[in-house]
Structures are given as C-alpha cells and as structure tokens.
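Down below are the structures I want you to see.
Same chain, two partners: chain A is paired with chain B first, then with chain C.
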Partner chain A sequence: MKKLICLLVVGLLLIGLPMMIKSPYYIHIFIISGIYSILTMGFLMQLRVGLISLGVAAFWGIGAYTSAILTTRLGFPFWLSFSSSGIITAVMAFGIGFIIVRPAGISFLIMTLALNFIFVHVMGTTYVELFGGWGGITGIPHPTLFIPFFGSLELVSKNSYYYMMLFLLLLTIFVFYNIYHSRAGRAFDTIGETPTLSASIGINVFRYRLVAFVIANFFSGLAGSFYAHYQCFLVPEAFDFWKSIYLQIYSILGGVSYLILGPIVGSAIATIVPEILRFTGLLEPIFYGILILIFVLFLPAGIVGSLHSLHHTGAYAQMGKRIRALLLPGMEIHRDK
Partner chain B sequence: MGLLEVKDLYKNFGGLSALTHLNFDVFDGEILGFIGPNGAGKTTLFNVVTGFFPPDKGTITFEGNNITNLKPHQVAQRGIGRTFQLSTLCMRSTVFDNVFSGFHLNYRVNILRAFFHLPSARKEEEVMREKAMKILEFLGIASLKDELARNLPHGHQRMLGVCIALATNPKLLLLDEPMTGMNPEETEVMVGLVRKIRDNGVTIVIVEHDMKAVMKLCNRIVVLSFGEKIAEGVPKEIKENKQVIEAYLGREGISLDVA
Partner chain C sequence: MMDVSMFLQLLINGLVLASIYILVASGFSLVLGVTRILNFAHAEFYMLGAFTFFAMSGLLKLNWILGLIVSAIAMAALGGICYWFIFKPLYGSFIRTLAASMGIGLISVQGTIVAFGEKDRIMFPIFSGSINIAGATVSAEKLTLCAFALLIMLGLGLILKTKVGKAMYAVAEDQEAAALQGINVKRIFLVAMSLGCAMAGVAGSLVAPMFSVNSHMGGAVFIMAILTTILSGHGSMKGAIIIGSIIGLIESFGYYFMGSSNLVLIFFIALVIIYFKPFGLFGRAHQIITER
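After this line comes the complex of A and B, so read on.
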C-alpha cells in the first residue's frame, strides 16, 4: 500500500513536471537525462551478465542513424522508423554479439570499444550521400502521431517530447523490471557472479549473455531513434566513445547494484550538476570531476545505495521523528506515551 | 551397465598429460571415491566429465548416451550435478537465493508467462521456494537462509554448494573435496549427509583427501596417480594395496589403516 502511494506520487510528479517547470531549457535537460537513463540501464544489464560494454553509444547511434535515414531518405512515417530502428539495432546486436559475446571478459570490452570507434568513423567517412559524412544528417522530421478520428498530430513542443520520453522510459523500466524479476534475471545474477557455477547448474551462459546484449541494445536503439527525432539533426561525434564512458560514470553515481533506479538517479544528477556548475565557467569540468570523485569516494554504493542503507539503519525514521518533534511538539509527546 | 561409463579417456595440457587411458564405471546407487596425491588429475577428471574441458580422446557415456563433447550446461541438463573445489557461490546473494538459482532447469512455465508474472509462473515459483527450503532443511542450514553467502563459515559454504547442486535435481552428483577445511565434527555431519543424499536415489562420485571419511563412506574407490588409474576396489582392498600405499605415502610403508 505504502509502495503504491509512493509510486502514485512519483508518477503524478513526473506527469506534472512540465507544468511546474516552465523553462523549456530545463525540460530539455530532463529529456536528455531520460535518454541517458535508458542507455545506462542497458549498460547495467550487460554489466549484470559480466559484459562490460564500451560500445553502448555505437548502438545508440545505430538506432539514431537508422531512424534518420529511414525518415529523410526513404520517407518512412515516424512510428515505423522508430520501431524498425529498435529492431534493426537488435538484429545488428545479435550479429555482432554472436561473435564478440562468446569470449566475454576483457576482449569483449576492447571489441565494443573498437566497435564504437568504427561506427563513428564509418558514419563520418563512408557513403557520404547516405550517412551524411562528418556534417551529419539534417532535417529529420518531428514525430507525428496518428490518432484515429482525430487526425495526425505533430509533436513539436518540448512538453510533448517530454511525455514521449517518459513513455519510452516507462516501457524500458517495465521490460527491464520484469526481466530482472523472472528466471532470466536470476540467471543473469548467477552468470554475473560466477559463470562456472551457472554452467554447472544448466544455464546456457552464452545464450543469456547474448539475450542481455540484444535486449539492452534494442532499447539503446529506440533511445537513439527518439534522440534523432528530438534533435532533428545527427553528427557522428554525438555517438563517440566518451558517451559510452559517461554511461559508466552515471551507473556508478547511481549505484551499480540498483539496476533501474540507479541509472535514473545517476544520469539525472550527472546531467543536472553541470548545469548548476555553469557559473564556474571554464573551470566547470574541474569542479564536475571533483564532485564525481567525492561521490565515488564517499558513496561507494552509489547515491541510491547510500539512501537504501540509510533506510535500513532506520535513519529515515529518526529524521521523521525529529521533523515531527520540530513541527508538532505536542503530538510527539502524546505518541511517546 | 554403469550409470556413467568412462572409456579410454585422455586429457593433456600442453605437454603435461593430466589423464591417461582412464577407464571406469559408476554404478547406479553407489558412492564412488576418487583418491590420489595432489595433481593426480581428480579435479581434471570432474572438469572433463562435466564438459568444462573437452577430452583429447575417449568417450563418456551417461545413461547410455554419449555426453563426451557436450557443453557444461548440456551435461547439467542430462542430470549430472557437481560442486567445486573452491567454494563457487553467488557470494553477494543470500543462501536462499543461491539455492533458488539452482532451479534454473526446473522451470516448466513458458518464458512469456514468466515475464508477465502470470499466476501460473508465480505458482511455479512458490513451489520452488518450498522445494528450496526443503533442500536447505535437508542439509541442515535452513536457519541461515537470509545470510549472505560470503558471510558463511567455510563449512557452511561447502554445504551450500551441495544444496545448489541438489537443486538441479541430479541423478549423478560429483562432489569435489566436500570436506576440505572442515573440522572432524563437521566432516562427520557431511559423511552422514552424503549417505542421506545417496539414500534419496542420487549416485555419488566423490573426490576427497580425508582418508578416514573416504574409507567410511565409499562403496568403491578408484586411485589415481599422475593421471593413471593404479587401483580400483572396495576400501579394504585399497587399504592393503601396495602400489597405492607407495604412490600415496611414498616408500615409507606407512599404513593407510586410519579408520
């Protein structure tokens, strides 16, 4: 019951956010951090099965470029390009994963990193008429939703993008949550901790790793498509390997054992903090770096992890008690009796 | 006909031959012990049988089916469970979750139903929860079910390893030094447990250095030395075998009569 109320409050807050924050710039930050949350969740799903991927941004880019090419070059409608970008990314992840997932470990890491470099280079230098070269692809149309009996609706405003991002994020959370809480999730846990034991209890380690790799990158692809239609232009450098590295920072900030809440909190903090630090001007990266260092040193379990352990030690109950004592002294005494 | 038949098995690591011309059968319902000095190839044998290392030559037959070149998870699917010499557990998970993970092969409900947590999937998991508790009670560590595996004392970690292997519902269980690092009382308990598991219809192959326990527990013993079988027989024969005493204890002529 308590959980349900919490969910309801959070849900209302998320839906009402654009009404509270009027500035489109802040909405933009929320949208971007939503995209990063999805990517970070994908990164964590791969990490869960022992695959450290440095190529999430490449699959994000594959999704984005697929959608961009389908709509600008072939005139696909938005919904078709959106769904097919997810599917095409997943198919490519399956093909690539079939080769690189099997060795796992450090070679997987290096190969995903290489993949990211290759992707950026290929997009920048080959088939310039198709991929747009280093100048990228411009003029990607806004998403249009076709609603029966109402006609088509073009999503242009920041708010409509915000709601679309929210929908995509909730879809990702729903799928990931259900996977983590089913037998597949339990198999993921075991594989991540000890592949040897997993194999001895009958888990097909390679297959589950490949499944995690494909599912994670399917959602990266969807996020990429959304990003393409949101930005309306793409350049290869937007998907360079630094983006993949940032995802690791986000996941560490949130806490790597919190597979859904961690990425959301981590990427939100990581996108909002630089905005707050903007007044420092050129020194911003230094402050940002120091801040992350502090977070990692003093909150090794991540932000969500630290809040969680506070909850376990009863610190919240204490805090609540103190607040009640401050606000309603009489009531507190009455309760103690 | 044996439950597990190993014929002419060879395994080399580079120039080192870990297993040479190995033949043995495991019969239904027995406890077969493997002993031998360190580096005799006992653990390698387990790894080859369970598919972790492919053999260089030879055949392994389980219940009449050739399982020689199967992958580890396929071997597990056929009904061979194993434990590891080093405690191989999900250290960050609770004892209960560890055992629960061992049920991976027992899911019958469609994966889509499991994804949407439909009642049939939930019911199946409920049944598995009960089974997991039964296994924990069977091995006497039910009171530790919410403890993290990494916080367990060594002896209990070994037991948990057996619990996970039992959760896969094996016909043949390979125990790799289950009594290592246990004190005499714990060893005594473990001996009783292994017998109890056998009495429940699981055939057992055990590698163990604790001579006293092996002699007491096993119906038959195979002795390995430098990857070769040097003796096979009931404990009494093994104890009196000159070659075994030589290989195991050097030429000092120390008796193996520890029991």
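After this line comes the complex of A and C, so read on.
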C-alpha cells in the first residue's frame, strides 16, 4: 500500500512537472537526463552479465543516424523510422556482439571502445553526402502525431517532447523490470556473479550475454532516434567515446547494484551538477573528475546505495524519532508503548 | 601504381605510427597484466609526457635528452602517486579502478586545457635534415623515433630479465603464490605502474617535436594501442611489436588506398582475429576477471 501511494505520488509529480516548471531550459535538462538514464540502464544491464560496454554511445549514435537518414534522405514518417532505428541497432548489435561477446572481459571492453571511436571517425569522414561529415545532418523533422477526427499534429513544444521521453523511459523501465524479475533475470544475476559456475549448472552464458547486449542496445537505439528528432540536428562528436565513459560514471554515481533507480538518480545528479558548477567555467570537468574519485573511493555503493544502507542501519528512524521528540514531546512515549 | 619513393614514405610513416603504438601498448599491457588495472588514463600520461617535454625543451630550451629524461621521471612519479593514493585502496574491484582512472583522465585533460590552452602547440624539430634512401627523402626525425622506440623496447626487455622483472612475471601469473615467495606485491604493482607510465611519457615526448601537442592527442593513439594489446594478448612483448607494426602499416597504407575507411578495415581485422583467437594471437590463454 505504502509502495503504491509512493508510486502514485511520483507518477503524478512526473506528469505534472511541466506545469510546475515553466522554464523550457529546465524541461530540456529533464529530457536529456531521461535519455541518459535509458542509456545508463542499458549499460547496467550489460554490466549485470559481466560485460563492461564502453560503446553504448556508438549504438546510441547508430540509432540516431539511422533515424536521421531514414527521415531526411528517404522521407520516412517519424514512427516508422523510430521503430526501425531500434531494430537496425539491435541487428547491428547482434552482428558485432556475436563475435565480441564470446571472449567477454577485456576484449569486449576494448572492442566496444574501439567501435565507438571508429564509428565517430567514419561518420565524420566517409560518405559525406550520406552521413553529413563533421558538420552532421541538419533538418531532421519533428515527429507528427496523427489523431483520428482531429488531423495530424506536429510535436514541437518542449512539453510534448517531455511526455514522449517519459513514455520511452517508462517503456524501458517496464521491459527491464520484467526481464530482471523473470527467469532470464535470475540467469543474468548468476552469470554476473560467476560465469563458470552458471555454465556448469546449464545456463548458456554466451546466449544470455548476447540477449542482454542486444536488448540493451535496442533501447539505446530508440533513445538515439528520440534524441535525433529532439535535437533536429546531429554531429558525430555528440557520440564520442567520452559519452560512453560518462555513462559509466553516471551508473557509479547512482549505484551499480541498483539497476533501475540507480541510473535515474545518477544521470539526474550528473546533469544537474554541471549546471550548478557552470560558474567555474573551464574548471568544471576537473570538479567532475574529483567528484568521481570521491565517489569511487569513499561511496562505492553510490547515492542510492548509501541512502539504502542508511535506511537499513536505522539512521532515518533515529532521525525521525529525534525530530518527533523535539516537536511533540510526550507523544513519542505513547507510541513506543 | 605507386613508385618506390611513395612506398618508402608510407612505410616509414607506418613504422612511426607503429613505434608509437608499440611503446604505448607495451606500457599499457604491462600495467594491465601485472596490476590488473585497466588504466584508462594511460593515454593521458602519453599526452602529459608530451606536454612535459614541450615545457622543458620547447619553452625552457633544455637539451632534448634532458627533457626526455625529465618527462619520463615525471610520468613515473605521477603514475606512482596515482597508484599509491587512488588505485591501491581500490585493489580488487575492476570497475571501480576503471572509473577512477577515467576520473584521472578527465582531470588531466582539462588540467592541460586550463594550463596550456586548447590550441595546438608546435615546437621546433630537434633533428632537421633528411636522408636519401633509394631516391626517396626520408626525414631523419622519423628514423630517429623508430630507432628510439626499438632501443626502449630492448631496454624494457632487459628490465624484464632482472629480478624485478621476474617478480613482475610472477605477480602477473599468480599474486598469492608470488606473495608466498616473499615478493612484495604492492611494491611490484607500484614499479609496474611507474614503468608503464614512464614509457607512455617517453612515447609522448618522442612524438611532441613531430606532431603538434594538444590535450586531445591521446585518444586515437590509445584506441590503437589497446587494440594492439588485445590482439597480441597481454603479457607478450614480441606480440605487441608484431601486431603494433601490422596495425601501423595498415593504417598508413590503408589511408593511401582507401582514405579514412582504413580504421574500419582495422576494426574488421580485429573482429576476425577475436573470433578465432579470443585471447589474442600471442598471449597465454588466461583471462583477467572483470566481474564485480
């Protein structure tokens, strides 16, 4: 019951957010952090099965470029290009993953990193008429929503994009939550802990790893398509390998073992902190690096994990008791009896 | 069809790239194999080495050999400090050390931007002049770089032959067994880290007079160096030299024949090698555990 009320309140808050925040700039920050949380969830799904992917941004970029090329060069409608970009990204992830998922470990990490670097380089320098070169692709159309008896409606405002992002995020959370709470999710847990043991009890490690890789990158592709239609222009540098590294950092900020809440909190913090640190100008990434070092050295469980362990040790209950004792002396004793 | 002089130019360019990749890759591989840290900041040590050399020999007009030594020592010290204060407390957790090295990378890239500015820094060439080989002019500088790389690799081979080097092999093989033999594992980690970072610094300083120095010079070299590492299998110096040379030559000749798609060719070759030899062509088939 308590959980349901919590969920209801959070849902209402998320839906009502654009009414409360009038500034389109803050809505933009929410949309970007939503996209990053989808990508970070994908990263964590791969980490769950023991694959450290530093190429999430490459698949994000593949989705974005697919969608951009399909709509600008071939004139596809948005919804078709949106779904097909997810599918094409998943197919490419399957093709590459079939080779690089098998060795896993360091080879997987380095090959995904190399893929990301080479993707940006290829997008920037080859087939300039198709990929747009370093200047990128411009003029990507806004999505249009067709409502029966009403006609088509072009989604331009930030608020409509916010709701679309919310829909995509909830879809991702729904799918990921169900995967984690199914047979496959339990297999993921085992593989992440000990691949050798899980192979010995009959789990096909390679197949489950490949499934995780493809599903995670399918959602990265969808997020990329959404990003392309939100920004309306694409440059290759938006997908360079530092983005993939930032995604890993977001996941550590949130807490690596919190597969759904961690990415959301981590990417929200990570998109808000630079806004606070903006006054530092050029020094901003240095503060960022120091923040990561502090987290890695002193708060390895991340923000969610630290709050969770505080909850478990009873620190919250203690604090609540103290506050109640301060505000309402005498009441506390009755309740304790 | 190309003539002999073009061929020689491409060959020497490929060898220059190869020697950079070999130097960076063998340092990276040393750190990865011995300490089990995937040091993402290795590229940044290469870049910082180039900047140190630029500051010493370019701005302060020091003798270039002195500049090289200062750069190597500074990078070794920096690597040792990073190991002792950041990586040592995180011992045993792969993903946390990875994230920490990324933090160090961020700080050093942005630190150099703050200190030296974002524009390319160009310093005067040390060896001006060229040598005629079979009617083709080859700049002396490139040949010197290749010779230096060979010399440093020989030096690394000699270091690995000493007692410390053997201890490194032992630690890379089995840390607990090495500790039982009376090897101070943490100290060997420190030595390996310093040595690897010093090699990155030397590679950066050798490159500094030839190409421009900027804060983003590490990225491309690092990608090729780590590809060299996994394709050769970490822990194999011979493999690093052979694969590094092949990658450098493919990059140089591929650029002549197919433009920027040469990186795609390298990636596909890497995929094929990974498919048939998942742990590299020359390395022993042991895997570094990356699980939590």
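The working rule: the second predicted complex is superposed on the first by the 325 of 337 C-alpha atoms of A that agree within 3 Å, B and C clash if a C-alpha of one lies under 4 Å from a C-alpha of the other, contacts with A are read in each partner's own complex, and residues count from 1 in each chain.
The rule is simple: contacts are C-beta pairs under 8 Å (C-beta built on N, C-alpha and C of every residue); 3 or more make two chains touch, one makes a residue touch a chain.
Given the structure is predicted, the values throughout are model-derived calculations rather than measurements.
Visitor: Determine, under the contact definition given at the top, whether A:Arg183 touches first (chain B), second (chain C), both, or neither.
Guide: first
Visitor: Using the touch definition from the top, say if A:Thr126 reaches chain B (first), chain C (second), both or neither.
Guide: second
Visitor: For chain A, which side has the bigger count of touched residues, chain B or chain C?
Guide: Touched residues of chain A are more numerous for C.
Visitor: Which partner chains sit in contact with A:Leu297 here, chain B, chain C, both or neither? Use first/second/both/neither.
Guide: Second partner only.
Visitor: Identify the partner contact of A:Gly289: answer first if only chain B is touched, second if only chain C is, both if each is, neither if none is.
Guide: In the superposition, A:Gly289 touches chain C alone.
Visitor: On the A-aligned overlay, A:His311 touches which partner chain: chain B = first, chain C = second, or both, or neither?
Guide: So A:His311 meets neither chain B nor chain C here.
Visitor: Thinking of the overlay built on chain A, is A:Leu113 touched by chain B (first), by chain C (second), by both, or by neither?
Guide: second
Visitor: Considering only touches as defined above, state whether A:Leu197 meets chain B (first), chain C (second), both or neither.
Guide: After superposition on chain A, A:Leu197 lies in contact with chain B alone.
Visitor: Between chain B and chain C, whom does A:Val205 touch in the aligned arrangement: first, second, both, or neither?
Guide: Touch status of A:Val205: first partner only.
Visitor: Taking the stated contact definition, name every residue in chain A that is touched by chain B in one complex and by chain C in the other, in rising order.
Guide: Comparing the two interfaces on chain A, one with chain B and one with chain C, the shared residues are 193-194.
Visitor: Which stretch or stretches of chain C touch chain A in the complex?
Guide: So the residues of chain C in touch with chain A come to 32, 38, 40, 86, 89-90, 93-96, 98-100, 102-107, 109-111, 113-114, 219-220, 223, 226-227, 229-230, 234, 259-261, 263-264, 266-267, 270-271, 274-275, 278-280, 287-292.
Visitor: Touching residues of chain A toward chain B in the complex: what are they?
Guide: Within the complex, chain A touches chain B at residues 178-179, 181-184, 186-187, 189-190, 193-194, 196-205, 257.
Visitor: Report the residues of chain A in contact with chain C in the complex, numbered from low to high.
Guide: The touching residues are 47, 50, 52, 96, 99-100, 102-107, 109-111, 113-115, 117-118, 121-122, 125-126, 192-195, 241, 245, 248-249, 252, 256, 282-286, 288-290, 292-293, 296-297, 300.
Visitor: Okay, in this complex, where on chain B does chain A touch?
Guide: Interface residues on chain B, with respect to chain A: 50-52, 71-73, 76-77, 81-82, 84, 88-93, 97, 100-102, 104-105, 107, 111, 114-117, 121, 164-165, 167-168.
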